[in-house]
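Shown next, in structure tokens, is the structure this report addresses.
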């Protein structure tokens, strides 16, 4: 299990390869990567604030829950904070399991919980000012399926 | 859209990076990688047979359906054939969409359809002989959810 | 003349990957009956149709499908890709 | 003395990321009432509790939770990670 809360960019491919190389006996690896949307060339930036201490605790608790529930061979969570440019990766999760359904379900669970239960707040910085991203009702509703 | 049916190994990380670099405006990238299970060090090999011609047609049809249904920014499918050693990647899919639910659903759809509708057959080669992998009822049942 | 292809254990039981067959069979089922009448290895391969699939010109089809105009018939077990 | 932390627009409205508060408030709600009585910027930040979340010692909690033994209280809007 590797969990990282970091300001630095990460390399999706290098992380995915290192993760896959570290698991034995798993037949299925799923990765999810969130990227700052670069809408139609309007290179928007994003500022991500977090709650040092609680962030790490929340991510560890969510990931341990996923590993236990879906008998994962391993799991990875990387989440950045600070200023990110359009097109940059924000975060990624990876899951490894014997069968694909478990790897997919665990990755979706991680994403749903990280989105609404890990203390990060996104501020979108556009040409005409900055705005805090509002939480969506659908994100809160997504938790009820687990 | 990149579709490849190949005997050669592929590099998960390099493919994931190239795929993510090629999409603009997508906030979510999901990858699935299937790996030859190396059970408890019994390095089993796998022989994958396919139906040249039909394989490419089936993969293209399934992928085009996924792109249209989930408005994907892009999709990738790589599937190997021939002899594979334990721990080697068998295949991967990648999907890119604006939102995570679409990227996840499309990747799961691709996997469910590739598994039961693309003409590949797996033979497991163990210490005491070779055996064709039997199709699972659950794989056929998985198609009904789409 | 029609190209008939066999994959996986169907290929192994029949002992060849493909062959040209001269037939007037109107349907896939009729072609299977003709093949089974030839030799025991065909009968063994086609013993349980529930565990077989058929593709006509590289599209999945059914055993009662007509063969008129078809150039390539393939028989194989349920697919196990992914 | 209790550490009180503010994040995102709560931090911006109140104008500081953290402060030490001397309080005997028995619950989170009582602490909020005390803070709102101080200055307008607190009242503005806490105007709509439905759009706020609270964590006690880095665990999500509720506004009616007791403060006894708590060292760190954090107020913030619903989270938007991922």
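Letters A, B, C and D name the chains as they come in the text, with residue numbers starting at 1 for each one.
The rule is short, and it goes like this: a contact is a pair of C-beta atoms (placed from the backbone, for glycine too) under 8 Å apart; a residue touches a chain by one contact, two chains touch by 3 or more.
All values reported here derive from a predicted model rather than from experimental measurement.
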Determine the set of chains touching subunit A that also touch subunit C. B
Please tell me the distance, in whole Å, between the geometric centres of subunit A and subunit D computed from their C-alpha atoms. 26
Gap in Å, rounded to a whole number, between the CA centres of subunit D and subunit C: 72
From the mean C-alpha coordinate of subunit A to that of subunit B, what's the distance rounded to whole Å? 23
For subunit C, write out the residues touching at least two other chains, lowest number first. 82
Residues of subunit B that contact two or more other chains, please. 34, 100, 111
Give the pairs of chains that touch; include all such pairs. A-B, A-D, B-C
In their complex, what parts of subunit D are in touch with subunit A? 5, 7-9, 11, 55, 58-60, 74, 76-82
Would you mind writing out the residues of subunit B in touch with subunit C in their complex? 34, 48-51, 53-54, 57, 79, 90-91, 111, 114-123, 132-135, 140
Give every residue of subunit A touching subunit B within the complex, in rising order. 11-17, 20, 24-40, 87, 89, 98, 100-101, 103-104, 107-108, 111, 142
